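Listed next: structures, encoded as C-alpha cells.
Common to both upcoming complexes is chain A, partnered first by chain B, then by chain C.
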Partner chain A sequence: MSTEPVSPCAIELVGVTKRFGKQVAVQDLTLRIPAGRTLGLIGPNGAGKTTAIKMLMGLLPMTAGRARVLGIDPAVKPVLLKRAVGYVPEMHFIYRAMRAAEVIGFCRTFYPTWNNPLCAELAGRFEIDLHKKVKHLSKGSLAKLALVLALAHEPEVLILDEPMTGLDPLAREEFLEGVVHGLCDRSRTVLFSSHMLSDVQRMADTIAIIHQGRLLVSCLTDDLLKTTKRIRAVVRDGCTPDQPPEGTIWQRFERREWLLTVRPFSPATLEYLRGTYPVENVEVQDLGLEDVFKDYIRGQKVQA
Partner chain B sequence: MKALLWKDWRVNRVVLLAAAVGFLLPYFVGPFSNLASYWRDGCYVVWSELLTDCGFFSLAISVLAVAFLGGNAIAGERADRSAEFFAYLPVQRAQSMASRLIVVVGAGLLVWLINLVVVYWVAPHVGYVSPTLAQQLAALRHQTMPGITLTAALAFGTAWLCSSLLSSPSIATALGLVSPALLFMVLAIIWDIVRGSTPWYEAEFIAFWYAILAPALACLCLVTGCVHYLRRVEP
Partner chain C sequence: MDIDPHSSAPIYQQVADQVRRAVAAGVYRPGEAIPSLRALAVELTVNPNTVQRAFETLEREGLIQARKGLGMFVTENGAVSARRRSAAAVYATFVQGIRAAQAASMPPERIRDSFDKAWGDTHAEVRDEP
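After this line comes the complex of A and B, so read on.
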C-alpha cells in the first residue's frame, strides 16, 4: 500500500470505523487525497464506499476515527463543509413535486458562491428541461440535474458516490463529460466512487480499492497498473507450490499451471519462482484495472 | 429563510390546502343547509347561532388539520426520501426547524384565529340575538372552546414529536389524533381507581386533569420533538 502526499490533503480519513450494531461497515480506514487529485474509490457492493462517503459528508456519525474535508470536521461544521463540497449521491431524491428550475432556485439560496451563468451553461449543455417537474425527468436527466447542483456553486471538492448507476451508456457518457468539463474548468479535488471501472480508469489519477470496510490499496492509477503483474508459471508434474512470492495478491494452482497476481512485481519475483520451484515456463502479463480489482477482491475472499 | 419557508409550503401544500378546505367547508355547508331548510320548511336557525356552530365545526375539523400538519412536518420528507436530498444542503438545522414550525403552526394559528374572531366577535353581532340565545351561545363558547383548543394542542404536539421520530407521516398523524382520546381514557381509568377518595364527579375530574395535562404534554412533546430533530443526523 502506498500513498503519496504531494500536497496538503483536501480529503482525509484517519482510522475511521463505522459499526452498525455488531456489523462493521468501515474498519480503520485511512485515506488521504491531496488537493487537485481525482481518486476513484472502488469496491464490491457492501464494501463500505457509501458509508465512508456519508461519514465524510457528515451524514453519518463515525464510531471511531476522524475525517476532514479541506480541514473542516464534518461533525463540527457541517454547513461550512457542505458549502465547500459538491456532492452527487447514488440515488437522487430531489423534491419530486418541484420543477427543475424551482429546485435550482431553492438550492441557489444556500450557496454564497453560486454561479448563475455556470448553472445556466451546464443546464443547457445537459439539455435539462427546467420547466419539467423532477418526477417527470428521466433517470439520466435527474443525475445531470444533481451534477448541475453539485457544480454550480463552484466547490473545491467534488464527491460523486456511484452517480451513474442505472444510466444508459449515452447518459453515462454525457454525465462523465460534464464531470470532466467541471474538472478541466478548475483544479478540483474529486472523490469518485463507481462500479464502472472503465469510467474510473478514465477519470481517476489515483485508485483506492476497499473491501469489507478495509482499504486494500491506494496509489496512483499508473503506478498500480505498472507494478501489478499476472505471472503464469508452469511447474513440473508432482510439484505443489506452497510458498507464493512476496506481494502475492491472488493465486490459483490447477494441474501444473500456477497463476499469480503480484504487486510490486520485479525481476526478483521471477528469480524466486525459478529458484524455489521446478518451473518449466513463465509468462508475465500486464493487467487492466478490472483484472487488478478482481484479483484484489478474490485474494481477500480466499484469505477469508 | 425565505427559501426554506417556500420549500415547506411546497412540501406541505396538499395538507395546507386540505386544511383550508376543512376550515371553509362549515361556512359553506352551514348557510346552504340553513337556506334549504328555510325554503323547505319556512324555519331557519338565526345567523348568530349558525355562525357560532360553523365556527365550532371549523375548529373541530382544524384539530384534524393540525394533526396532519404536525405529522407531515418532518416525516413527510423522510417518507419520500427528499430529506436525504435536503440533508446534503448547507442548511442550519435550527433554521430548518424554525421554518417548519412557522409554516405548520402559522397555518394552524391562522385558522384558529379566524374562527375565534367569527365565534367571539362576528357571530354575536350578526342579526337580532335574543338575551336567552346570547346566554346560551356564551355558555357554549365557554364550555366548548377550551376543550377543542387543548385537544388541538395535544394532537399537534404528539404528531410533531412522532413526526420527528418516525419516517411515516400517516403513523405520526394517527398517533397525534389518538393521543387526546388516550389521555381521556387514562384519566377515566384513574378516576375509576380513585373514585372513593375524591369528592369530584367523573366529568369534573377528567376536565380538570385534562386541562392540566393536555397542554403540559403538548409542550413536552413539542420541545422533545424539536430537540430530537436538532440532534438527529438525517437521513
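After this line comes the complex of A and C, so read on.
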C-alpha cells in the first residue's frame, strides 16, 4: 500500500461495508464531502443511511472500509470525533423528565468549546421554552432543541440523520430555517440524510442516492440536473426495442412509446437510438430532481 | 419569492431569477439594497452558498454591486438590465413552446394560429402593460 494522501475532504467514507450476519446493510460505500459543502444523502427507508452515519460517528463498528471526519478516525478517537461534530440523530435521545434548560446544562459539560451566549441566542431564535420539560415540548420544538444542542459547541461539521421525521410541514420549514442560520453563522460541512428528497433538495449542493446499501450516484446537484435527460421515442409498428443506450437509468416501453431516462445524456445517445431502431419521433426533456431521484429508485426495482 | 422543486433549473439560477424579476418589477430600485444573503437564504430555505452564487451571477451581469459592509445594491443600469434578461427568458419560453409543438407534429400554420389565439386571450391584460 502507498502512503495515504492528506484528505482534502471534511467527511470521508471509503469502501465501507457493514454486515449483520448474512444481511448486508451497507456495501462498499464511498462518499467524500469537501469542506464547506452540504451533501444530501437520500434513499428509501432501510437503504443503509443511518447505518452509514452511525459508522461515521463511531457508534457502530464497520465490517470493512475506513471513515474520517476532519481527518479523525472514529474508531480510534471517538471522543475527539464527537466534539468536532454537531450530530442530530433520527431519535432525539434527550432525557424526557428534564427541563430543556437542564438538558442544555447537562450536554454542555461534554464540550470544551460550548458557547453559552450562542446557545441562548439559538434557543431564543427557535422560540424554545427552556422551562418546559422535554416530554411536554412539541415534536417540532424537540427537533429544534436537538439542533441547538448540535450547534452550541460551534462544530465545523454537522451530521443530520433524518432530523425531520414526524414533523408537520410548518415544523419542517422552521427546522430547515434553523439549519440555514447555522450555515450562515460560519462555513460548515453538512451531511444531511432523508428518505424524502424534498427535505434536502434546497439545502444540498451535492446529492448521493443510496439504495439497498449501495450508492447509485453521488454528484453535484446542478450537474445531476444538467446531465440527466428523459427521452421519449416513438418507434415504428412491430418494433420492440430491447437494447437501451449506455447510461440508461430507467426505461419503459409501451405500445410504440419508449421512455428512457439517461445519464449522462449526449448527442451520441440519440445517434444510437436513430441508428439502431426505426425511430419516428424523438423528444428530449429536462427533469427536476424529484423525477431524477424517482427514476434512479424505480430503475433498481425493475432490475431486481 | 419561492423555489420550484420540480424545475430542472439549478437553484442558484432560480434565486437569481427571483431577484432579477423583483428588480425588473421595481420592487428594488436602482440605488436600493436587496435583501441580505442570510435573509434570502432563510426566506427561501436554501443553502447560503447557493444565494452567494446567485449574487455572484447577478454581480457579473451588472445588476447588483456590493457596498462594503452594507450588502448588495441595485446598480444604476440594474432595472434596464433586468428587463433585458426578462425578455430573453420570454424568448426561451417561446422556443420551448415551438419545440413542443414540433414534437407533437403540429404544422407551422397551426403553431402561429395557436400563438395568435394565446395573444388574443391575454390581449386585455397585455394592453394594460406600459
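Criterion: the second predicted complex is superposed on the first by the 297 of 304 C-alpha atoms of A that agree within 3 Å, B and C clash if a C-alpha of one lies under 4 Å from a C-alpha of the other, contacts with A are read in each partner's own complex, and residues count from 1 in each chain.
Here, contacts are C-beta pairs under 8 Å (C-beta built on N, C-alpha and C of every residue); 3 or more make two chains touch, one makes a residue touch a chain.
What you see is a predicted model; the values in this text were computed from it and never measured.
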Fit or clash between chain C and chain B when superposed on chain A: fit
First (chain B), second (chain C), both or neither touched by A:F106: first
Partner chain in contact with A:I94 - chain B first, chain C second, else both or neither: first
First, second, both or neither for A:L289, with chain B first and chain C second: second
First (chain B), second (chain C), both or neither touched by A:A268: neither
Computed vertex angle (chain A) for partners chain B and chain C, CA, steps of 10°: 140
Touching partner for A:G36 - first (chain B), second (chain C), both, neither: second
Chain B versus chain C as contact partner of A:A64, first or second or both or neither: neither
Chain B versus chain C as contact partner of A:V79, first or second or both or neither: first
Chain C versus chain B - closest C-alpha approach in the superposed model, Å: 26
In the complex, chain B residues that touch chain A: 2-3, 6-7, 10-11, 13, 80-85, 87-92, 233-235
Chain C-facing residues of chain A, complex: 36-38, 173, 176-177, 180-181, 183-184, 198, 201-205, 221-222, 225-226, 281, 283, 286-291
Of all residues in chain C, those that touch chain A in their complex: 3-12, 37-38, 41-42, 44-50, 103, 105
Residues of chain A that touch chain B when the two form their complex: 57-61, 78-83, 87, 89, 91-98, 102, 105-107, 109-111
